[in-house]
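Dropping the structure in here first, questions after.
So that you can tell them apart, the chains are marked A, B, C and D in the order they are listed, and the count of residues begins at 1 in each.
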Amino acid sequence: MPPLTQQLEEETLDSRHTKEWLRRYQRIRETSESLCAPLHTEDYVIQSMDDVSPPKWHLAHVSWFFEAFLLIPFLKHYRPLDPAYDFLFNSYYETHGTPFPRPERGALSRPTVEEVYRYRAHVDRSMTELLDHLPEEHGGEILRRVELGLHHEQQHQELLLMDIKHILAQNPLCPIYRHDLAPAPPQAAAALEWLDHAAGIRLVGQNPDVDRFAYDNEMPRHREFVEAFQLASRPVTNGEFLHFIRDGGYERPELWLSDGWQQVKQARWHAPLYWLERDGEWRYMTLGGQKPVDHHAPVVHVSFHEADAYARWAGARLPSEAEWETAAAGVESSGNFVERDHLQPVVAVPSNALKAPTQMLGDVWEWTGSAYRPYPGFRTLPGSLGEYNGKFMSGQMVLRGGCCATPADHVRTTYRNFFPPHARWAFSGFRLAREA
Amino acid sequence: MPPLTQQLEEETLDSRHTKEWLRRYQRIRETSESLCAPLHTEDYVIQSMDDVSPPKWHLAHVSWFFEAFLLIPFLKHYRPLDPAYDFLFNSYYETHGTPFPRPERGALSRPTVEEVYRYRAHVDRSMTELLDHLPEEHGGEILRRVELGLHHEQQHQELLLMDIKHILAQNPLCPIYRHDLAPAPPQAAAALEWLDHAAGIRLVGQNPDVDRFAYDNEMPRHREFVEAFQLASRPVTNGEFLHFIRDGGYERPELWLSDGWQQVKQARWHAPLYWLERDGEWRYMTLGGQKPVDHHAPVVHVSFHEADAYARWAGARLPSEAEWETAAAGVESSGNFVERDHLQPVVAVPSNALKAPTQMLGDVWEWTGSAYRPYPGFRTLPGSLGEYNGKFMSGQMVLRGGCCATPADHVRTTYRNFFPPHARWAFSGFRLAREA
Amino acid sequence: MPPLTQQLEEETLDSRHTKEWLRRYQRIRETSESLCAPLHTEDYVIQSMDDVSPPKWHLAHVSWFFEAFLLIPFLKHYRPLDPAYDFLFNSYYETHGTPFPRPERGALSRPTVEEVYRYRAHVDRSMTELLDHLPEEHGGEILRRVELGLHHEQQHQELLLMDIKHILAQNPLCPIYRHDLAPAPPQAAAALEWLDHAAGIRLVGQNPDVDRFAYDNEMPRHREFVEAFQLASRPVTNGEFLHFIRDGGYERPELWLSDGWQQVKQARWHAPLYWLERDGEWRYMTLGGQKPVDHHAPVVHVSFHEADAYARWAGARLPSEAEWETAAAGVESSGNFVERDHLQPVVAVPSNALKAPTQMLGDVWEWTGSAYRPYPGFRTLPGSLGEYNGKFMSGQMVLRGGCCATPADHVRTTYRNFFPPHARWAFSGFRLAREA
Amino acid sequence: MPPLTQQLEEETLDSRHTKEWLRRYQRIRETSESLCAPLHTEDYVIQSMDDVSPPKWHLAHVSWFFEAFLLIPFLKHYRPLDPAYDFLFNSYYETHGTPFPRPERGALSRPTVEEVYRYRAHVDRSMTELLDHLPEEHGGEILRRVELGLHHEQQHQELLLMDIKHILAQNPLCPIYRHDLAPAPPQAAAALEWLDHAAGIRLVGQNPDVDRFAYDNEMPRHREFVEAFQLASRPVTNGEFLHFIRDGGYERPELWLSDGWQQVKQARWHAPLYWLERDGEWRYMTLGGQKPVDHHAPVVHVSFHEADAYARWAGARLPSEAEWETAAAGVESSGNFVERDHLQPVVAVPSNALKAPTQMLGDVWEWTGSAYRPYPGFRTLPGSLGEYNGKFMSGQMVLRGGCCATPADHVRTTYRNFFPPHARWAFSGFRLAREA
């Protein structure tokens, strides 16, 4: 849980400043609701697997976050709408009461969708009141938590899109989230190039000169030695991944880590999630409906194990976090984020820069070869907010760069996303690396 | 699957006759919808355990039954609203395509509730057309299937109430289905008497002189020898069951069948379903909200294993099917069915009859000691309708008499209901028997 | 738990009488050990599935039975060899301490096989002492328990053979239990005939005029009305069962009860247990090694569900318990029991009797269509021995007649064996019945 | 799979040299058998959990390794004792046929223990023949594989002790592996000191100048930047761990990673494996029987999650691999390995060296904070031996330093052991680190 920058503490918290925060608050809160606008009431209720939450749960949980960490501690006379919500919408904060069991979120018809929206309005009114009359003594802490709460809500906006996709994908009626998504550009993918990086000591982790905000898990900035390596100029495409499939990639144990091979056999994986073959042609389900697989777009909805197996098949490997971050630093981004409204990775706009990688940010989260572990000197925040990131540092792999479902102002090159190595429902792809 | 009575075949299927059927069709179909009227859209979507189906699934499935077994075979030019519904709303007819997996019914947000009601209207219009212009050659078969379809829908009306209760019970917000249910009468339970029955050969199974309609599993009427026995004059009450609990009933393995004891330990049963103890007082959840346990009303939501253990504790046993049916024959009924609008068992109105049992019909389904197996000479119907009852004849126990959630004109003394011995979400209670 | 006959109570328990019991004790105890003689030490330790127990466990448990129910209560100064055995070798007597968890029997290397044999010798010495100096006051009760204990040991002799077969069958090395089993006679199966039985009231249950001993679950003798029926003259053969397989029997849901069909799909059943097809020829594993399937011998190692599905396919059904017992009464037996040393069902010796069924006793346990439930008036013994049979009366089906692994003097026509409807590792086959 | 050092390739493979290898072969092979000498035949057969293998399986599998990778490819006219062993004793080499399913190793009574020893003798004779007449052209490769095979066998010697301990621990009879183990020295643990390490670039991975042999996963030697840190002078002791327990360590979610906390709740962990509390005193099960917990000895049989939670409780953390290896380099070792015959960690002999850590090698494997992932530039061997280490590089954490059950000449400071973060049956403890 990242403190705002030091500067903030010294700033005068004048009314102009807090008004900006209020506007940002309102903009981000509205975005969550507009993402849900295409849903039917019934869609809000479904939990299609343990990892997925019903959309109405997301909408309520992000509001609970403001209630639990801002309104209750800082807004005088605040009255929760329903005291039971503190139990129902606590996701995983064990030190803040007992969270409602995650796999049972889909068993709750109440509060209804309408009541959840009423809860949001209640929280929004109270947050407006808090920001309109910022208590001087806690002003810095409040704004820091508002900033965290808004990043938290943006994370859940991406989760909403991931979960809605998964929910609709279970349905044999093949419902379509939106019919009016922006069409993919008709470009062809650029040829893959290998970009050289020299060996040396690098600084890894949040650089406050570049990014005002960062999560606790991106800190502290520290030194790492990176041996010379090469990084691919772009992510692996669907067309390339099809070669792997056709070369028996899913049937050859020597290409897989042991856990990955168990998973392939047990879950009968034979292609990325949402792919299906019909009459020899591969199609995939997107938020805009079923489409033929676009050979030029980056492959997405693959697990770490599939990325790792592909890399082994291709005689390469996945980059480490430090390599990825080193390579991404200073590269100009024109990424495909949620605002571009594709909600699906597309071919990169060719870069003007010579020898610069494309799509480091946007399109697909890129699996790295690094397990999600703390940086040397890592510290969690005191209190329940210390559970935000740190407690998941086992059994997960790091992904970098954001995706087509990420808000553009939510992500940065030092951002560490993480999922278990078999997870596929995120917009996750990968980029190859190899020894120099 | 029960043919209508023989008489029907000889009747002239005149317009007056079919109009009666149409009225009956409309009445029963409307009842299903009025049972769902108190629900919010979200409540229709939940599957709170594998045995439970989302209410909207019930509403669609009973319509599918008419579509699959009447409209498609008999209504010329009939067009299904959506061909996928044939797959989605087939419950378990393996010989009629592949049923959609039962545990995943709760993963479907579409069709929406509104679309399901549209489906019902579509089926209703077509059924009206079919009944308005009954094709002469198949008239008898059509009316037989209409009758079956309506009994099928009535069964699902009871399931709807069972499932709604279970769905709402999962929710820590304790939602209440209806605030305006009929209040329980303030009577005390009558003292339990033992009614004698002599040994002899009895006729068991549907008696067409009494009941025009019966399911296939109630046939054929046949002879059974019943040894002399005594049957309790009324079901076991909550107050009596509390004595069992307080006497350590749930902690004494010698009172339980082996399977029952495993279940008690594994599921940590310590009282009937929906009961909870708070500050030494027992309460239970009803469709009208949480209430103190009524000591005088019949105990409900107990499994066969609990009924069997109680009976052993009480030095008695459960009656066999033949004993129950023998004792129920000719007894006047003023049962508490769904029309009484308690939706909870209540104390019986005292019977005027000397030495006659009360509540044989209504209030609670009564567990018998008989496994659900075919009668000698049992035959299933040809075709998919043969799967209606017969294929469940292993691993289940028979219950008799209907309950407070059963439509009064759906049940009869020969009616054989069945559930696995550990099931508790039906309105199931029991009555004791013992050797003469 | 069956009392010895009334006569016994009046007998003088003279020394001659108890010596006979001692000889019987010694003979039966030795038989258990000789059944294990072909085993290697390692074979004694394996638990190949939860239902199977390691052979050394069987050898110890039957000794524990004598220790717990005879030596400790009745032999003065008796000292258990190891007090922990009372916990380790209690099978399921919940009222006699806490049984060691069944699925973990295969996790125990100690006591070693040698120690188990030492335990047997210890119990045998003490039992000899008890029988040599029978305490007068408890003499009747002691002999009744000895009789029960010996029948119990005989049941475990059959279980030993079932379990040894299952244990060896898991092993890709295909170990053979014995190379010197009696060869099957080269006869052909007799043509199947349907034998008529008239309707009427029958007496069912132990007839003390015929069988001195019976288990509690065979009592009391009582009246049942049996409608007219026909019973097949012999069990279904392997050859006949092959027709069912080749006619798609395992692929047609309409032939199966719902539970059976779930089991077929989940466990991928496609033939009886121990069968395998190689190059179009069917073979099965026997205690004498792998053999080609004998078309003339009764089919064995089928579940109730397979028997039931076959019967439906054949336009017949399984007999009820009462039908089977009615038909078996008074039929001369020359059954194939364990003493014939085939340890596999074989073709029946043709009967001289006109219109009499063959193989009612011996060869294969015959699944009936009756669920295992108590007879009217059933009573368990007081104390822990009451758990012997009664507590399993849910979820199981009755089998009748004994098999090629049963001691001939252990079984009788009223004997009720029982297994869950999916169990196949017993020597279970079936015989058809149909309406008259 | 580590090549022998480069020097070897240039050596003359003279007879003296290969005789040394033969002696080493014989010595290590004999050690495996002497470790099993205290077992009863029955002990060899048990698989007490999926992770454990029956001791006879270990004895056979290590022989299979020599057969599959040396005798079949290199010894002319070699005839396997039984062709089925290639399937039964292949542990996990997917590219070498289909391995027998791991969880079913405990279902195999055959080959018997005697046959396994015969198999060992067969392999040993053939290996002697191979080494006696080393084929010149493959001499280097053969010796490299012999070296690997012997290290492999030494790994399984430790696994044998781990598994035997687990097998005996399941048994309520509390069998004791050996009564004659070396007693623990009566010393008290030295006070914990924090040893400083400066920041800088370090070389990590096998240093061929120090260790002639290493596994593939220790290579290549490469540069890492290590920030300044402090390392504890000795592992955490039982006494210290008891403070954690008594301070509610197992009940406070804020001390645990999320996965760890799930595990604590689900498996009801409340102390290290093999500990039990009786009358307020803590005891643990050792290979020499149950003992009171020695407060001065290093804690053992804790998972990564327990180590991590303890460290958080203590305001410290676990060292990274690079930190541990940096600190261990050049430290004199007098570790407690299997040859000391304690088979349990003991108090360290105080070091003479000023400011040097004790017990870096021996006593307990030390959990690090590093996930088990490949070093930059890591390569697996071609062929099936490539599966030796590399394919397990997901979901596991690294442990360092060997333990009281490790052969002294098997381990080194660069050795990377690995287990899943919840595993506890290894002799695993930990040492604290913290920021400088």
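In the analysis below, a contact is a pair of C-beta atoms (placed from the backbone, for glycine too) under 8 Å apart; a residue touches a chain by one contact, two chains touch by 3 or more.
Because the structure is predicted, anything quoted here is derived from the model rather than measured.
Identification of common neighbours of chain C and chain D yields an empty set. With steps allowed only between chains in touch, the distance from chain B over to chain D comes to 2.
Chain pair C-D has a twin interface among B-C, A-B or A-D; that twin, with over half of the contact pairs alike by residue number, is A-B. Centroids built from CA atoms put chain D at 38 Å from chain A. Between the Cα centres of chain A and chain B there is a gap of 48 Å.
The geometric centre of chain A is 61 Å away from that of chain C, both derived from CA atoms. Counting partners per residue, chain B has no residue that reaches two or more other chains. Here chain A touches chain B in the complex through residues 40-46, 48, 56, 82, 84, 87-88, 100, 104, 106-113, 167-168, 170-173, 175, going by the rule given at the top.
Taken together, the chain C residues at the contact with chain B in this complex read 92, 94-95, 199, 201, 222-225, 227, 229, 253-254, 256-261, 304-305, 308, 317, 320, 369-371, 373-374, 376-377, 386-387, 391-395, 397, 421, 435.
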